[in-house]
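Alright, structures below, take your time with them.
In what follows, subunit A forms one complex with subunit B and a second complex with subunit C.
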Partner chain A sequence: MTGTIVIYFSISGMLVGTIGMILSKDLIKKILSLGIVETSINLMYTGISARSGIIPPIVSGDFSNAFYADPIPQAVIITGIVISFALLCLSLVFAIIIYNRYHTMNVETIEMIFEREER
Partner chain B sequence: MKIAGIIAVTMIFVIVMLSFDSSGNIPRPIEQIVDRVNVPNAVTSVYLETRLYDTIFEIIVFSITALGVASLFASLPVNRDEDQHVFGTVTVYSGGLAALSITLFLYVVINGHITPGGGFVGGVVLATGVITYGLTSSFKKASVHYDKLKIEILENISLMIIFAFSTLIILFPETHSQLLSAASFGSTFSGGLIPILNILIGIKVYAGAWKMSSEFINRRGTL
Partner chain C sequence: MIALVFLPVLGGIICLVLKDRKSVSSIVAIVTAFASGSVLPFVIFEDASIILGNWGVLGIGLAIDELTTPFLLSTFIVMLAVILNSINKSYDGFFYALILILYGTLNSIFLSRDLFNIFVTVELASIISFILISYEKKPRQAWASLKYLLLSSLGLNFYLLGIGIVYMETGSFAMESLENASTMASVLIFGGLAVKSGLFFFSMWLPDAHSNAPIEVSPILSGLIVKLDVYLSIRFITYSSFSWMRDAYIFIGILSAIIGVIFAVNSKNAKRVLAYHTISQVGFMLVNCDKSSAWHGFSHAIFKTLLFLAVGNISARLGTKDYSKWSGKISTVEYTFLLIGSLAIVGFPMTSGCVTKEVIIHGACCPSLRILLLIASVGTAMSFSKFIFLKPVKTTSWPAANVVAAYVILSGVIIAHGIIGFEIYMFESVLPVMAGIAAYLILRRFLKPLPTYLERIDSALSSYLILFLITIRLAILFSS
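After this line comes the complex of A and B, so read on.
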């Protein structure tokens, strides 16, 4: 039950983040929206693992009638967390490089300057 | 165009939401995992034993990111502004917090297979403590240890030992599972090679996280 509610909330969080990435014109806001999407995906995996129970999967003695959470989605999402951290770091570095070159964070202005440079 | 994109994204997510089967068959693999690996923390036994390939490539991704951040930042100017406004009470507390985070790092990393925790968590805990100290007291003082303790060399050595031990575990899984089941279930030494891998991953993650954050702090004032 808990897992299902968490999964529905995380899917709506992904929707909010994706629309934010489409609508905002500021590069930093786009990167923050990407962060929201990544956090929602992590939350979704937690929800998937909580479908079989919400007790942390740390076994002490017998595990006959306890409802442990599924450990495999949690172990998989550790990879996802590290990769999302790496993605955020690299995109922030590129944002700083773009700012140093064009002195703005507005995507449309950057595109305009870029087209003018190409001509 | 933009509205069409939003409608498309919304439709995709509605389809995902409707197609999600909440009453489906839920697998319970925890008994088999604990039987196979003989370690209390099932998450650790998954990502350091049965899905070790994933962890190796994750560490490779992390190292490449640290390398990429350092090399991309090399062309950008460093901020030479040295005066740092500090607040007395925070300075006193942040030193204690750094000491506490070192202790917590050791606890989380060594007991990663018994209690919640592991290498990645431990490394991030240590990096957070040291960065908080640097931001609130003196960033110059906090960044001295990176050269003094030769953390760059330590990072590369730990990366090589991680690869060596992972290869051992992947090539000889039977020997490692014998090593795991020899000790009593739940003791600190029952992990075989897992606590050593956790310590090395902790050092690796700490070095990478500190390197990346210090590069960002050195180029402050750009955004």
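After this line comes the complex of A and C, so read on.
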């Protein structure tokens, strides 16, 4: 039950982040929306492992009738969290390079400047 | 088999430690590339598979078979040529470390049989390529790289959602579990990877990133990173949950092959011509998604590397990417290798492009599709007539020895593959080439660069998502 609610919640979070990436004109807001998408997907994996129960999967003593969480999605998504962290850092570095040169974060202005430079 | 992954990463770590000594790190890079290439003859001739760790189905499976071979070979040759070309330039150990770790990562993607491991390695390869695109730290490169980053990481999140659904349904991340997965999961996996594929409308970040990357990085992007999705599509399409994809790819692939050519014919920037041709050739590969497209991926990686290296070196020497200003300034040696690459991509007999392209055109499912593919190859010939009609000047000066070595390796592979695989019916590929050259001579007055509206970040994002929604609709239609 908990798992299913978390999964639907995280998929709606993903949609919100995707819409934010399309609609916002600010570069930092775009990167933050990507962060929302990545966090939602990490949450979804937690939801998948919570489908069989929410007790932490640490075996101690009698575990015959307890509902343990599935450890595999939790274990693999740690790598996903690290990757999303690295991607956010890298995109902010690129944003800093662009800001230092053009002093703006508006996507349309930046692209207009580049198209003028190419001519 | 593990040595293919392990050796390059080890070499990369050595390069990273010896970062400040430029001469040492390039030698380490060449030695590592040769060492991991020398492993290839021992593994590629027979099918084998292992599972790492004593975890049963939960462990990471590695396997090698006939689909993997062309990609492993092309990775080795492209990396060797790129490293040879980069010697005696201002690159430090960090660049070689990134290249070598990317080499190991790509090998690991081609060997891996675990869905989550594929996600991790694809993301690692993407992160390294983002750093490599913006290696010279120009704002233009940073922007191209950022656009690529935003689109590609959004797409890979959809892939992650897809394999999450596969895990929920089957309880395993192994690739065999795709057999029992639902269509929704397969659409999400396809859509997530399609953003990296280089298909038109799906990955409009591509022309910007490929044309602004440094000389040595464009061939890697065009020859290897784009092939990840081609490889994974060919691999996944054998599972029953992906059977809708064969019909969808005929539409998407032919669309991409023709529109990419139209943009390329009209472009004036030589590197952008090559970037648009990547879009078109990926369309060619995915039209019939089987072993022939794997071998077209191999030959495309080789000749595209030759073309990108030749064009990059010429434009770095002359200071302009506009090919119309090159005429009368390039030397005979450079012109020869540019000509070999151009003939290979247009599919002239006795080159690798001819062999693999003819197999694809003859393997097409219906006559109308075959005609559309022939139109696309006429367009290819048309846009490469620009390079064929350049006028070389006779000079005694040769390019540096290492650059010539890289060119000779690549063109040797092109011609050897073209002669070994040649069959007599392939002579008919002269016809589209001649038609294309004639069309270029007639129409060249009317060619103007087309607007790049679709390549802006917002339109690239929206066109990706709209096509994604259309694919979901198509998948439901085809699988019912």
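By our rule, the second predicted complex is superposed on the first by the 119 of 119 C-alpha atoms of A that agree within 3 Å, B and C clash if a C-alpha of one lies under 4 Å from a C-alpha of the other, contacts with A are read in each partner's own complex, and residues count from 1 in each chain.
Note that contacts are C-beta pairs under 8 Å (C-beta built on N, C-alpha and C of every residue); 3 or more make two chains touch, one makes a residue touch a chain.
If you're wondering where the values come from, they're calculated on a predicted model, not measured in any experiment.
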item: Which of subunit B and subunit C A:P57 touches, first, second, both or neither; value: first
item: First, second, both or neither for A:I97, with subunit B first and subunit C second; value: both
item: First, second, both or neither for A:I28, with subunit B first and subunit C second; value: first
item: Which of subunit B and subunit C A:Y45 touches, first, second, both or neither; value: second
item: Subunit B versus subunit C as contact partner of A:T4, first or second or both or neither; value: first
item: Partner chain(s) touched by A:T18 [first = subunit B, second = subunit C, both, neither]; value: both
item: Contacts of A:P71 with subunit B and subunit C, given as first, second, both or neither; value: first
item: Touching partner for A:T79 - first (subunit B), second (subunit C), both, neither; value: both
item: Intersection of the subunit A residues that touch subunit B with those that touch subunit C; value: 11, 14, 18, 22, 51, 72, 76, 79, 83, 86, 90, 94-95, 97
item: Subunit A-facing residues of subunit C, complex; value: 58, 116, 119-120, 123-124, 127, 130-131, 134, 137, 139-140, 142-143, 145-146, 149-150, 153-154, 157, 160-161, 164, 167-168, 173, 452, 456-458, 461-462, 465
item: Residue ranges of subunit A in contact with subunit B within the complex; value: 4, 7-8, 11-12, 14-15, 18-19, 22-23, 28, 51-52, 56-60, 63, 68, 70-72, 74-76, 78-79, 81-83, 85-86, 89-90, 92-97, 99-100, 105
item: Subunit A residues touching subunit C - in the complex, by the definition given at the top; value: 11, 14, 18, 21-22, 27, 30-31, 34, 37-38, 41, 44-45, 48, 51, 72-73, 76, 79-80, 83-84, 86-87, 90-91, 94-95, 97-98, 101-102, 107, 110-111, 114-115, 117
item: Residue ranges of subunit B touching subunit A (in the complex, touch as defined); value: 2, 5-6, 9-10, 13, 16-17, 20, 22, 26-31, 33-34, 40-43, 45-47, 51, 54-55, 57-58, 61-62, 64-65, 68-69, 72-73, 76, 114-116, 118, 120, 186, 212, 216, 219, 222-223
